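Residue numbering begins at 1 within each chain, and the chains themselves are lettered A, B, C, D, E, F, G, H, I and J in the order written.
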Amino acid sequence: MLFAVRMSVALPPDMDEDVQADILTREKTYSQDLQNRGEWQQIWRCVGQYSNLSIFDVADNERLHSILWNLPLFPYLDIEVTPLARHPSRVSAS
Amino acid sequence: MLFAVRMSVALPPDMDEDVQADILTREKTYSQDLQNRGEWQQIWRCVGQYSNLSIFDVADNERLHSILWNLPLFPYLDIEVTPLARHPSRVSAS
Amino acid sequence: MLFAVRMSVALPPDMDEDVQADILTREKTYSQDLQNRGEWQQIWRCVGQYSNLSIFDVADNERLHSILWNLPLFPYLDIEVTPLARHPSRVSAS
Amino acid sequence: MLFAVRMSVALPPDMDEDVQADILTREKTYSQDLQNRGEWQQIWRCVGQYSNLSIFDVADNERLHSILWNLPLFPYLDIEVTPLARHPSRVSAS
Amino acid sequence: MLFAVRMSVALPPDMDEDVQADILTREKTYSQDLQNRGEWQQIWRCVGQYSNLSIFDVADNERLHSILWNLPLFPYLDIEVTPLARHPSRVSAS
Amino acid sequence: MLFAVRMSVALPPDMDEDVQADILTREKTYSQDLQNRGEWQQIWRCVGQYSNLSIFDVADNERLHSILWNLPLFPYLDIEVTPLARHPSRVSAS
Amino acid sequence: MLFAVRMSVALPPDMDEDVQADILTREKTYSQDLQNRGEWQQIWRCVGQYSNLSIFDVADNERLHSILWNLPLFPYLDIEVTPLARHPSRVSAS
Amino acid sequence: MLFAVRMSVALPPDMDEDVQADILTREKTYSQDLQNRGEWQQIWRCVGQYSNLSIFDVADNERLHSILWNLPLFPYLDIEVTPLARHPSRVSAS
Amino acid sequence: MLFAVRMSVALPPDMDEDVQADILTREKTYSQDLQNRGEWQQIWRCVGQYSNLSIFDVADNERLHSILWNLPLFPYLDIEVTPLARHPSRVSAS
Amino acid sequence: MLFAVRMSVALPPDMDEDVQADILTREKTYSQDLQNRGEWQQIWRCVGQYSNLSIFDVADNERLHSILWNLPLFPYLDIEVTPLARHPSRVSAS
């Protein structure tokens, strides 16, 4: 089941640099594990923004919430979730 | 070069049914041609909306504008364009 | 899988009365069939508005989209979809 | 009398962890007491958000305000209240 | 139980003058009946707007919805409903 | 001359408790003095919000500004002012 | 008593030209009468917009509403009203 | 050349009182110098707001920007600029 | 004196094709005359939109308003005007 | 390939003055290097705002993102990106 998710990051300006580096390292590992499993299908940077557009393929709403809630950056994210369905104009091969 | 494009359709409530059917047929053909060429990479329906989220992979801004401007549904579309770049957390294989 | 859906109705001011009555009758039948099946769990009127707040319990995103897209009132609806998950404070019995 | 209430939580990034844990424990107890009494009928997590959608069944506006004002998390909540009424399409059994 | 209600009127520019005059006459009678009963406690014109701010004192949400839904101008109204409660700073006499 | 005024309070999360208690005490006294004089005609709590809806009956714009500017809570308020006029549907007795 | 008023005009695209010319002529006469009386103190065109920013000096809210409500263009206007007061930094002579 | 400028002030809640008093004194002197020169033609307080509506008469865009950028309160201001032109309904004498 | 102007076009869906073609031809001629004179310095299409971003270099506000007001497409345009000034980081040669 | 970029600066009110001066110096050098290379074609100050409107001419989305992400002021910027295309009314010489 597919969802488009837009995540925008807002780190506090006075955040400790080591704390920040640690969160970002854990965020990257967390994201790549889910990419390797196939649940986090796509991730793109939005040009000029500290934000990404991602496509998730998950079993259900519970699983998507669990993934997003446990993001190391979650407390600093503004998140928009758009449930997706098959489009009738989509060509079969893709 | 990748772009996310969200298109929302608003057909006039009194549109002639044959005119509408013709536009929708041409829109589907137009979209599928571009999907087959690889420029219109992805198209999903947004759940509960008469709108889609699409990913385009085009040579440049001019090409993207030309594609969107010539959509048979263009006069009835509200379009949002988001330029995309590679995300540093993306795993290499995908 | 649960979703909250808010639907707001905007009928054209010059709509033919018989056409309107027919759509509303079909809408009610359509809604009640889905309520009886258990997929449309709840429907409330929002006070002072021509809109409702509904809870759907469906198999997946595809099924929710199919239900909403086929609403007789769909061309006249503004729809907001919110995917829901279990809340950690929810008491077990409810 | 039914109300839909959406509550979004925004904790200060530098909140003391013990203070936070204490508030969250008290919030959960407070919510579950009201759920057990039947006034807080439903609570769902909104996917990907630190927010919930709840349904309250209370005697009147005063009671709803008293419940919300005394939430341990109240100073950190953005709250939207929607009064609900019976929908004419609702099937009798539900 | 008190509610503040803001109603903004948007009549179609090509509305038949007799139809309009009839609706406005019925709206006034309808409003004054409810004022005389005490349910429509206050009505003020918002300066420079075709809109009013009203205070209703009704038994419950169902009654408020029934009053608003049956306004002769309802199809042409944009309505905002704000449930009110007693304010702790209110002096007892007022 | 009547005005509707909506005031929303946002106290800094780290405000000293004694300072806060002092401001709130002075705010209440200030409000009740103006209520007793008849200039602050009505004050209601908006359900679920740290905000109020008030009706002022003042000599002119200068007087209203002077009242609002000198509210002890003024630095923490978001204020919306709506000038009101007599509504043509208002019944004479009220 | 001073008010800033911003009026934005939206004429229906299919308005009869004679009707339009008549309304605009009456609007100009109406405005100039009030300017000559001193109640409509200032009127400026907002650059690139079919809208104006005006300053009114009127006896009270009732008078301002009466002036605006009777504008020949009123049914086609979106109006914003801002009550003004003396600014403490204003130099005495102006 | 005329411009309407709306300035809204937001001072940090923990600003040092002497610093604040000094800025406000310099702001007043700065504003009054420009009023005396005729470039800052009008300044009104917006009722109930820590904001003003002003009319500037300046040589060009560069001059307006220079005036606004050098306001002692500039770092704490939200500023909206509206270029103005002569209105065709304006009476000649005013 | 420089201004950025964003113009978005919304033609009525039922506009006569000849009328539309005539307006668009006149719009193009009008625009190119002003480009040749140097007052309409730049015009770009916004990708995927029926809108443009333009830079004007004009004598004053009156001139800019006169240019925009007389655009053949003016009744169908939504226009945003942003006055520009020299940026301190701009290199001298450009 | 052209992009319009609007950057709005919001520096924390308690930023160390030396840190701020250093960032602003580096920002200016960074911007002027890119102007000299021809990638940052234009930069204008928006009148009365701590923001600029810029035109970039870059190879692709990746290059634009890299430029913006590495701005010394990036953590303090709100950025809007608008992809541009050739306008059909543009005269050939400009």
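In the analysis below, contacts are C-beta pairs under 8 Å (C-beta built on N, C-alpha and C of every residue); 3 or more make two chains touch, one makes a residue touch a chain.
On a predicted model such as this, the values are computed, not experimentally measured, just so you know.
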| item | value |
| --- | --- |
| For chain E and chain I, chains touching each | G |
| Selected from G-I, C-D or E-F, interface repeating B-C by over half of its contact pairs | G-I |
| Copy pair chain E, chain F: interface residue numbering same or different (half cut) | same |
| From chain E, the most remote chain by mean C-alpha position | J |
| Centroid spacing, where centroids are CA-atom means, of chain D and chain I in whole angstrom | 50 |
| Distance from chain G to chain E - Cα centre to Cα centre, in angstrom | 27 |
| CA centroid of chain A to CA centroid of chain B, Å | 22 |
| Euclidean distance of C-alpha centroids - chain D vs chain J, Å | 44 |
| Residues of chain E whose C-beta touches two or more other chains | 2, 45, 47-48, 61, 64-65, 81, 83-86 |
| Touching pairs among all chains present in the structure | A-B, A-C, A-D, A-J, B-C, B-I, B-J, C-D, C-E, D-E, D-F, E-F, E-G, F-G, F-H, G-H, G-I, H-I, H-J, I-J |
| Complex contact set, residues of chain I against chain J | 2, 4, 27-28, 31-32, 35-36, 41-48, 52-53, 82-91, 94 |
| Touching residues on chain F, where the partner in the complex is chain D | 11, 13-14, 45, 47-50 |
| Interfacial residue positions of chain G with respect to chain E in the complex | 5, 12, 15, 61, 64-65, 68-69, 74-76, 79-81 |
| Interfacial residue positions of chain I with respect to chain H in the complex | 1-3, 60-62, 64-66, 81, 83-86 |
